[in-house]
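The two complexes that follow have chain A in common; it is paired with chain B in the first and with chain C in the second.
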Partner chain A sequence: MKLDYLLYAFENVKHKKMRSMLTVLSILIGIMAIFALVSFGQGLSSYINDLSTQMGTDKIMIYAKGVGAPGTDDTFKILKSEIDFVGKVRGISEITGMYASVVEVEFNKQKKYAYSVGLSQGKEKAMIEEMINIKVDEGRDLKEGDKMKVVLGDNYRIPEKIFKKPVKVGDIIKVNGVDVQVVGFYEPIGNPQDDAQVYFTIEGMETLLPAKKDRYDYAIARVNPDMNPQEVAKRAAEKLRKYKGQKEGQEDFYIQTFEQMIETFTTIFNVLNGVLVLIALISLIVAAVNIANTMYTAVLERTREIGIMKAVGAKNFDIAMMFLFEAGLLGAVGGALGIFMGYLIARLGGFIAANAGYSLLYPIFPAWLIIGCLLFSFFVGALSGLFPAIQASKLKPVDALRYE
Partner chain B sequence: MRKMKESKTKKTIIKLENVWKIYTMGHVEVPALRGLDIEIKEGEFVALMGPSGSGKSTSMNMVGCLDIPTKGRIFLAGKNISHMTESELAQIRGRKIGFIFQQFNLIPTLTALENVALPMIFQNTTKEQRMERAEELLNLVGLGDRINHKPSEMSGGQQQRVAIARSLANDPDVILADEPTGNLDSKTGDSVIDFLTNLHITKGKTIIMVTHDAHVAESAERIELLKDGRIVSTKKGKHHKKHE
Partner chain C sequence: MLIDYLKLAVNNLLKRRMRSWLTLIGIFIGIAAVVSLIGLGEGLRIAISSQFNMLGTDTITIQASGVQYGPPGTGVVTPLKQDYVDKIANVDGVDFAIGRLLKTSKVEFNDRATFTVAGSMPSGQHRGDIEERINLKADQGRLLRDGDKYKVLMGSKYDEDDKVFGKLVKVGDTVLIQGKAFEVVGIAKNLGNFLMDYAVIVNEDDMRDIFNDKDTTSIIMVMVKKGADMNNVKEDIEKLLRKERDVKEGEEDFTVELSINAIKTLESTLFAVQLFVYIIAGISIVVGGIGIMNTMYTAVVERTKEIGILKSIGARNEDIFLLFFIESGLLGFSGGLAGAIIGVILAKTLAFIGAMQLGTDLIHADIAWWLITGALSFSFLIGCVAGITPAWRASRLHPVDALRYAK
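Presenting the complex of A and B:
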């Protein structure tokens, strides 16, 4: 029985090819956009999830207030005394300050600007490694006492990416005019900023930029496993504020748990993605209006057919179901094609992003997204066809048969 | 079957009692039927004849359960249908009545086979049953080689034969033919009438034919003449083959 409605709907959709195609196209565009956007959103949130699981939830970040990334604005710093103070706050088990600075890198007579960090190689190294979350996969890692030695991001060893000639382990490069030796390379991270970083030891950075000594750009701390990181972060912020004699709301630093940081980022991303999905939803509403229009036309055109079917025994319900199925079919076909096109676009988008260095922007296609889009498009179609279907079912057989 | 039909106690299949149908056009009430009384027995072949405006179409709508009367009562197989809902009427139509229209009224997007199978979709049948019966019926009307043709690929006479096959789909008691020859040339029209007569004789179907054509009406057993919304005279058909 149900299958027969579908067959009739299918015949009619096939019969009016051009009109069906245009209607299908309108829903295709909406579903395509939604599918592609959500698949990217899912990819990014799965990346972030992986990231926060790997980095652990026991980290607290302390930032000096400033514009842009740490190290790009020298107005505010975190002093060594302040770091020592926070390190004594109850619940914090270890803490280390870090330097960050924009430096000029010269290799083979080519000059480039890059982001550089100075990281402790001492007892806090394990904590830093958890945060950086990448490994040296060529040459060796930095070790305590290394001064004029650096480890570079992945992009330096790729020809034409940063420098024309790839940098090799053992090469000498100039950083702010000073010769340093490259001892290793980190594995790729997936975005062009991080993959172009220059890594020093704390001592190395202090030698290169003596003015920085004991004036850190940011710090990372670990919370005791039996304490709530958020509470510890709050307590540390309050104590540091009093220590620095600053009023609430006028602090020149931020203390956040790593999770909060990720949350902030995720929220921004979700809002952005949400706005885009909303726009795609508006296009779906337009598509729904289009389907309703198509179905109203179909009811008018087939008034006589409706009369015939009623004459040979079709109940109002049968007629309504036929038109609902037809509208749903238009929706589902548009949805299926939209998913296919959305998949291609997301794949292409992921490919372009990876080529541009943003390999962390990759789409994923969970089964629920595919099934959800398909069901959603069917229901959007059926819902749009609801009123035309009811109108069709209410036609009187006598009037419908007389309709020319 | 034949024995029962010829017995004196034929059952009444359709009965209209003082049926009125009044259409309201703007503020004017136009009565199309003014107290129509008809009784049709099982296995009869009756022609409802009359000029245009006599209430032919309205009376056919009443007899065919396509509409309900403003006043009066209609019985189909002893059941009062005058106050039934749309869906109840649809069920009864589907099972008890087969329609043949002047315009053939086939669904243009469906093949001959699917058109014949259509009335069975609305009853509880399986697809195999439907397709088997539809093919059988198309063979019966001599279109066994046209089952996959669409209406637009067939002549008027062929289309009307598909419509006849469709009217028989649910093996109804009554075949209701509304000007069945109206859109056909006289030769093709005659063959359609022959076919109906044949159904009447061999299958014992009750046939009610609405026509304005006196020649066509003469093929019926009984001719009821309509004028101004009621029956004005009754006579026997001259050419009815059963009596020859």
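Presenting the complex of A and C:
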């Protein structure tokens, strides 16, 4: 029985080729845009999820408040004594301070400005590695005692990206006018800012910028596995506030778990992506109106046919189902083609983003997205066919037969 | 003649009322969405550029190079020195130059703290110049004066937004900036600038005192004399600073930028973002256009007999073409008209709600005349384009075949 409806719908869609094609095209365009947008959104959230699982949920970050990124603003710092203090808070198993600063990098007579960090290579190294989550790809990693040695982000190896000539392992570059040796390169992270970073050891940064010594820009701590990181972060914040003699609401620092930090970012991104999807949805509404229009016309054109069917015993329900299926079919075909086009566009977009240095922007195509888009387009189609179908089903057989 | 075509078109559209309505709704939704989005987007763009534009287009700003993630002066390697300011003032074509120190600072009031930008105000005759330039006026109390010691002018938001400190700041109150007590002598008028409206402004000497910074400056603003060549002045300043900072040409660790170029860069970035949103919204207009095309094809099929009769009594191909073409354009235009009206209302309402909810001046709708005329002509154009092939098909029908055509 269902199959009959479907066959009938197919015949009619084929019969009015031009009109069906245009209707399918209109739903195709909307689904294409939504599919491409959502696939990028999913790609980024999967990237962030991977990141947070790899980084581990047992880490908390301590930042000095300020208006810019850590290390670019000199008003507030985290002192060594404060880090030692937080390290003694119950639930915190290890802690290390980190330096950050903007530096001038000179190579082959070209000067550039880059964000640079100073990271401990001692016993806390494992924790830091979990956080930065990238591996040395060429040369070697920094080790304790390295002073005027640096590991660079991936972009320094690529000609014309930062410097005209690619930097090689063993090369000497000038950082803030001081000669340092490049010992290695990190693998690409996927955005131009991070891939241009310069990594020092803690000792190296202190030698380069003596004023920084024991005045850290941020700190990372690990929470005991049997403790709740959020509670530990809260307790640490309270203790540090008292230690610094600050009242509640007057803290000049933040303590957050890694998850909380990422959550903020994810929320902002989801809102932005959601707005774009909503805007793309408008086109789907228009497409639904088009389907409704096509179906009204179809009902009108087939009035006699409906009359004959009713005369030979078709019930109201049968007629309504026939038109509903036809409308749903229009939607589903448009949806299927839209998914295909959306896939191509998302692939192309991902390719362009990767070439522009943003390889962290890539689309993924989970099964639920494909099935969801198909079902959604079918239902949009069927829903827009609802009123025309009801109108068709209510036609009086006699009137319908007499219709010209 | 044209009137006849129009009359025919209107009559035909009225005959198929339901179909005409649905087609209109299709184009109308798209136009309304695009008009309201562009209205809001333009409002946002104007608000953002005006934040950067407040110094006017005849200024040059100088900053030290670095990676800037925050306000001017953050993330620099070698800061600018205050003593450059006087030297720059002597460059040919420079009217006057002002150095401003901007720092993140802790501001406390009512036992609560906030972290915001503190900006310095130069003493002497240039105080008035800069106040005039950035349109700084006191809403309550007064502006800072020479000789004010530990007095502060608070940004307008401290009198509007009680979330910052739990209560509003009034003239005469005492706030702590970096732990030092400052007396509030005035509240600035709202400048519509996010950074400035939350900033606190103190005299330069106080600023140097509390931050223990004797000789650096975050940003140097240079006003150029009327009639002077901006680019020449820029080059002279660059030459001077290269000598001061002992760097070679091409290796400058500072940037000298014409404000007009900075605004252009900003606007082009904003434009790219806006364009992306508009394209996604524009998709719905295209879909609406497809709806028109569909309706017109149906109309041609339905009126095949009519076309045959018209042709047999002497209508030429052009006449038939025009008949359908005008009908299609009319569909587009009336959909666009309704869409533009609803779009404007929608934009204004959304802007109103948004501004109320978020309490920012960044959100307001700017409906330019080009937006309305553009939307109308675009919807008319879409209607016409969508009508071309159906009208062409109708015009090419053979009278005999058309007459014989049975539904």
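One rule holds for everything that comes next: the second predicted complex is superposed on the first by the 404 of 404 C-alpha atoms of A that agree within 3 Å, B and C clash if a C-alpha of one lies under 4 Å from a C-alpha of the other, contacts with A are read in each partner's own complex, and residues count from 1 in each chain.
Here is the rule we go by: a contact is a pair of C-beta atoms (placed from the backbone, for glycine too) under 8 Å apart; a residue touches a chain by one contact, two chains touch by 3 or more.
Computed from a predicted structure; not experimentally measured.
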| item | value |
| --- | --- |
| Partners on chain A (chain B, chain C) - clash or fit | fit |
| Partner chain(s) touched by A:Gly30 [first = chain B, second = chain C, both, neither] | second |
| Contacts of A:Lys247 with chain B and chain C, given as first, second, both or neither | second |
| Partner chain(s) touched by A:Val312 [first = chain B, second = chain C, both, neither] | first |
| Which of chain B and chain C A:Lys17 touches, first, second, both or neither | neither |
| Which superposed partner A:Lys65 touches (first chain B, second chain C, both, neither) | second |
| Comparing the two partners chain B and chain C, which touches a greater set of residues in chain A | C |
| Partner chain(s) touched by A:Glu104 [first = chain B, second = chain C, both, neither] | second |
| Cα-centre angle that chain B and chain C span when viewed from chain A, reported as a multiple of 10 degrees | 90 |
| Lowest inter-chain C-alpha distance for chain C and chain B in the superposed arrangement, angstrom | 8 |
| Overlap of the chain B and chain C footprints on chain A, listed as residue numbers | none |
| Touch list for chain A against partner chain C, complex | 18-19, 22-23, 25-26, 29-30, 33, 37, 65-69, 71-73, 75-76, 102-104, 106, 109, 111, 113-115, 176, 246-247, 249-252, 276, 279-280, 282-283, 285-287, 289-290, 292-294, 296-297, 301, 404 |
| Touch list for chain A against partner chain B, complex | 1, 3-4, 8, 11-12, 15, 304-305, 307-318, 396-398, 401 |
| Residues of chain B that touch chain A when the two form their complex | 61, 64, 66-67, 86-87, 90-91, 93-95, 99, 101, 105-110, 118-119, 121-123, 127, 166, 169-170 |
| Chain A-facing residues of chain C, complex | 18-19, 22-23, 25-27, 29-30, 33, 37, 65-71, 74-78, 103-106, 108, 111-113, 115-117, 178, 211, 251, 253, 277, 280-281, 283-284, 286-288, 290-291, 293-295, 297-298, 407 |
